[in-house]
Amino acid sequence: MQLPGKHAAVLSLALAVTVAPGLARAAEPIKIGVIAEVSSITGAAIPQAAKLAADEINAAGGVNGRMIEIVEYDDHNSAADAVRAFQRAANQDKVHAVIASYVSEVVLALEPWSGRLKMPMITPGAASDVISQRVHDDYDNLKYTFHGYLASTFLSDSVCDGLKVAAVDGLHMKTAVVMSEDAAWTIPLDAEYLKCLPKIGLTVLDHIRLSPDTTDFTPVFNKIEALKPDLIVTGISHVGVQPTVQWHDQQVPIPMIGISSQATSSTFYKDTNGATEGVIYQTVSAPDVAVTPKMIPFTNAFVKRFGVTPAYCGYTTYDEVYFIADAIKRAGSTEPDKLVAALETTSWQGTIGKTEFYGRDHAFTHAMKVSPEYVSGLLVQWQNGKQMTVWPTEIANAKLTFPSFIKLPAK
Amino acid sequence: MQFLQILIDGFAISSLYGLGAIGFTLIFGVSGVLNLSHGAIMVSAAVVAWAVAGSLNAGPYLGALAGVAASVVIAFATYLLVVRPIQTSRRIPREEKEIFVLTGTLLWGIMLQEAIAYFFTSNPKTVRPLIAGVVNIIGVRTPNQEILTAVLSWLVIGALWLLVNRTRQGKTLLAASINPRGLTLLGFELSSIYLFVWGLYGLLAGIAGVLLGAFLGVSSDNVGTLTASAFSIVVLGGLGSVSGSLLGAYVVGYLETITAYVISPSIRTIPVLLLLVLVVYLRPQGLLGRR
Amino acid sequence: MPRLLDVCGLTKRYGGLVAVNDMSFSIAPGEILGLIGPNGSGKSTVMKLIMGIEKPNAGVVKIEGVDVAGWPSHRIARQGVGIVFQHSRPLHRQTVLENIKLALLPDSLTQLVAASHIDDRAHAIAKRVGLGAVTQRRPGTLPFADLRRLELARAIARDPKIVLVDEPFAGLTAGEVRDFSELIASFRHDGHAVLLVDHNVKGIAALVDRAIAMYLGEFVAGGTAQEVLTNETVRRVYIGGRIETAARPPRDTAASDRLLDVQDLSVFYGKAQALEDVSLHVGAGEFVSVVGLNGAGKTTLFNAISGLVPSQGSIAFDATNLAGRTAAQIARGGIVQCPESRELFGDMSVRENLDLGGQHLPRAKSAAQLEWLLELFPILKSRHSQAARTLSGGEQQMLAIARALMMQPRLLILDEPTLGLAPVILEQLSRALEKLRQTTDITILLGEQNVTFALPHADRVYVLEHGRFVWEGDPQRFAAEAGDAYLS
Amino acid sequence: MKAFAIPLLVAALLALLPLGVGGYVLGLLTLAYYFGVFAMSWDLLFGFAGEVNFGPSFLIGLGAYSAGLLNHSFHLPIWICVIAGAFTAVVGGVLLAVPALRLSGPYFGLITLVAVLLLQNAIVLFAGITGGEIGLDIPDIISIDDSTNYWVALGFMTVSGMILFGLSRSSVGLILQASGQDAIQAGALGFNVTKHKLAAFCVSALFSGLAGAMLIFYMGTASPGTVVEIGVGVQVIIAAVLGGRRTILGAALGAIFLIVAGELLRPLGQLSTFVVSAVALLVILFFPGGFLGTALHRGEG
């Protein structure tokens, strides 16, 4: 059921005052630990969305009468802090499940611990393939970890799906250069790019990996330009604003499309003084588009309560709290193995699509299924300071448009 | 063609490095201080410029001005609140002043970095370029900002050279770096000379910071890297030698650019580090250093 | 007889400067050799070369026939050489005993606990050097003399065959000097050899069997202490030949026109008292010389006046007390010092050095001043664009003086202007000073160990010894009353 | 021996903590203890040998990553990996120190700094093997029980502390201190200064490597952010200076203070680091002796 955020808050407050004590006697609350870097815009969305979801569920009477309680931990984006927080969550605060971080380094550090402490854990934003591959390789020990976001490989697939429609069919593009930062998370990403781009009819002219501490991109862009590709397919995160800003300042006449973590942030336009105009990035959510009927209500509730639009991992977190609750309801217990079993059979219609997890025989065990009928992702383009959805076509609220310095291939 | 590109790109980035390193080496030369809050000061300048130009809509020029001003203020603070107390402290044995100044400025740098992250988040920022657009130099498309960076850097460097070699004030700086005691005997107050040089340093670091912010963009996470690179450039060129750090800056800048073009962008920094190791072992005083 | 130490053709160059040139000497067991020479004569370098702290460019250093030239100092030490540094830096967190034990430890990484006999040995040594009573104190709490004792104890801990002692008596009182002389003399009996390095001939004369004198890095004279003292060159280096004087008619130096008036000035370096209740005055336009050997306290006196070292007592300039002024204020106030170390800006040109001197004057004035100085020191004119570092010693000294004069001082303090200069240069310098004295009414306070240089210009003379004035008066009377006392 | 009594007593008391406090505090202190060992090893090098090593995290990282890789790729038992890690750290330390000891002051500092940067680059460059910036997962860990981890760490810190402290008080420590304070004089007293400094570097490397290796087997993960980046080294240096240089044990105090304080101030969010640094700055400005230094050596020297 949907409730506007404010009412939800008020209601839950009322509940807390009146009903809660009674319930508390009836059943102790379900505790969900949330570990994230709250000082970053992206990370902050995780606990916020979790609280929002919990309050809604509690307002609706909780799970079999048990209230959901969110326990927050700030990991300062450090694996060490995260591990410590996870240990506390499990050993001291006795939570029943953990939603943890959007950073692969942190999640990978936690994964073995979720196994050791038999603590079900879902990541709402980390991309590394390794997360689910490990579960596949060592199912008995690591089955407690679920990958609640698209694995790098699937990100590439999502980008390719989008490019097929938007670039190849739409703009008659034939060639591309892959430009990624030289980091562990881009290894599977690039591998998949090199596989799927040719499939959709884009010849890869070159594959450039750059040091994450690159400051001057002039050499890179000049090199790429010399090859005259129709577009640049990106995999960038740690390098920050530089590639975008210098792409704009040097007026590189080639569109940039792909994974650009920074670009998903709602403040990116301001941070780059508008240099991001025309940049296209892959994500699972965007303001003002209804990927599913639940998306816009959630977005509004979130904005009402926290005053900012939720980052992508806000959406996933929101859904995760819901299907954890759902799983507990179905399992009728918070006992880890039962909970895991229930989560594995999750089929939840959430804000970003239908969430189901691959089984233990699939190479990406416990990774989200990615395809149009499940979660497929979007391509979003920065257009005059706004994030406009340009794919999938059926929900798109804008057409591709590029800054004047971009030269598109002749039709 | 590629040669020309390397030439142009390398030049811009190198002059920026140079500008960043000069202040650092100046302070060391004149007052013997290795200021490990250098990076933090540069970033502060850039972020203030960004905030004033952007959020307050004061326009790029006013923003840049504010940034430089901020950097000068912080430079004075660094000297008066951190460096001088350590230098004048009786509790600290003379032979250990150095490590204390290092630790002190280091901590100060961390404080600045955290303050920036707190007020402006650690998201990378780009200062609005003073002049946008690009020009085509014999087939190499070059952003105006890049040219501006190079030109401004060299104007500042030139101005500094004139100051040091052509003005009375500057001569005293040079003298102080050679023989402070001699200067005292001639009736110059070292304390005021140090104040002056820290102000000058703030100016240089500020300009470098703002240009950096406009050309490459900065984040409070860059603080460490910036300090380290200034440190390496300065040692490469010879501690305390201004011309040395300029040379160092160009060696580093071009080495990085060439690596990025000819070998691969993924190992951009490594040749520089190796060269640095080599130089420090074979010629510890640096390329143009005395001793 | 067999020699313990045999030095032959020892040479050390720093860049262009030759610090030690072809020095040769030897010491026999039980012998004490004095190596004397004014500051900058290279004697300390010789000592460093023997100890292996500096590597010689040429020459042989044989210890009982083993050539150790160029060895690292720890191997030379184990070969049987010990050194007493002038300034000791003991470990402050350890007791005196522990400091001595340190020197007794084997150079081993594995021996974590000192062998028991080391303890007794340390106690014995402590007793021998007269530290028996304070073995459990921390060095920080010891008087200066005891610190020197500790230094000595550490040097002889390994029972070296050869002991090098740098400035054995610097900063010690008469009584302490006697104790130390006995200590050093006692080595003789254990058949050890001692090399005493000092600029003070008089101080060590009584102690040494033989002495050799160095000057400008070269051997000057050798033989018994008497022979060396009476040697012509040595005399010229220290006192010069015949003493001339040219005092101007004595002025009335009543308090009224006392330009500089110093009362009961005392200076301490840590524990050591470098200056003891010194009082002196200089009248306006007067030329006053303070003569005394190195280490007598001249430089300390001048630095105290210039506000470079903290001092007790009162210093009045122009009847106003200088207490609380910074060194720079004092300099701008008219007391300009031209220090022993010259303190030139080596990498800047002659002209730039001079300009810096004149910077406090209005441009016109400083230009005029420059004009005049280039006449006074014509050599500087021809060198004006050359880097100060590249000048010869004499030229550097003239530049230093000229730079000080650029400030138009009311009182010019000259500290050891003759330091390390060849006699020829001294003539030039002397002439320049005389001209200065005749043509201007400048007031000058000159500190010198070279009496022939100091006296001719002086109106009045003070003799400084061990931080105290022992004689004051008219230059003519100097030879008669103070001259001998001064040398032998 | 009195010098040993008090710290041992404190250690004994700390050993009782698990009876009283929750897993969270224990986890916190466990980390602090490993950092304590880092800081103590650094102090041996700085406080006694007088060498300012800007790259303690080079030695730590070497130990951690070589141990981690052995466990990750070859599944060797923990204790073998730890020993191997320590050994690698020593070898790396020697390779760094032998030439670096010819340098002095800022140059030595810079070289050690560069060593860290190179190691970091190497890790990212060979992400295939090392897991790059997202880190390396360690299959085996010391224990999942907080108390056990706590006791292991405490024991390790106590033993290392005693060894390092004992060493600093031993004859060798005396010689080392002399060499650090005045190399010329030490040489003239017949001590091979370079030999002793190199030895100190090895010991420092040994314990840094050991602690680094143990740390990752506690956390079950190794990433540049936790054991290599310059920031880690900076923490170590600050801890040592804060606790009191030349006291060895003080360094451990400093480390515990830094981490505990950072935790207590967590409510301040980002500002916590700011406040901790500010406090540290004030301490070195007004109590240069650091905690232990000020406590022990009042009015000395």
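By written order: A, B, C and D. Residues from 1 in each chain.
In this section, contacts are C-beta pairs under 8 Å (C-beta built on N, C-alpha and C of every residue); 3 or more make two chains touch, one makes a residue touch a chain.
Every value quoted in this text rests on a predicted model; they were computed, and no experiment measured them.
For the pair chain B and chain D, chains touching both partners: A, C. Greatest Cα centroid separation from chain C: this falls to A.
In this structure, the chain pairs C-D and A-B differ in their number of contacting C-beta pairs, and the larger number is found at A-B. In terms of their C-alpha centroids, the spacing between chain A and chain C amounts to 77 Å. Note on chain placement: the centre of chain C and the centre of chain D lie 46 Å apart, centres being C-alpha means. Chain B has its Cα centroid 38 Å from the Cα centroid of chain A. Averaging Cα coordinates per chain places chain A and chain D 37 Å apart. Shared contact sites, meaning residues of chain C that touch two or more other chains, are absent.
Touching two or more other chains at once are residues 39, 182, 211 of chain A.
Touching of two or more other chains is recorded for residues 117, 266-267, 269 of chain B. Chains touching one another form the pairs A-B, A-D, B-C, B-D, C-D. Contact residues on chain A toward chain D in their complex (touch as defined above): 38-39, 74, 78-80, 83-84, 87-88, 91-92, 104-105, 108-109, 111-113, 116-117, 128, 130, 134, 182-185, 187, 211-212, 238.
Chain B contributes residues 34, 82, 85-86, 89, 91-93, 96, 98-100, 102-104, 106-108, 110-111, 114-115, 117-118, 224, 228, 231-232, 235, 239, 266-267, 269-270, 273-274, 276-277, 280-281, 284 to its touches with chain D in the complex. Against chain C, the residues of chain D that register as touching in their complex are 166-167, 170-172, 174-175, 177-178, 181-182, 184-193, 195-196, 199, 246, 297, 300-301.
The residues of chain A lying in touch with chain B in their complex are 39-41, 182, 208-211, 213-216, 218-220, 222-223, 240-242, 245-246, 249-251, 262, 265, 267, 270-273, 275. Put simply, chain B touches chain A in their complex at residues 2, 5-6, 9, 12-13, 54, 117, 121-129, 132-134, 140-143, 145-146, 216-217, 219, 225, 256-257, 260-261, 264-269.
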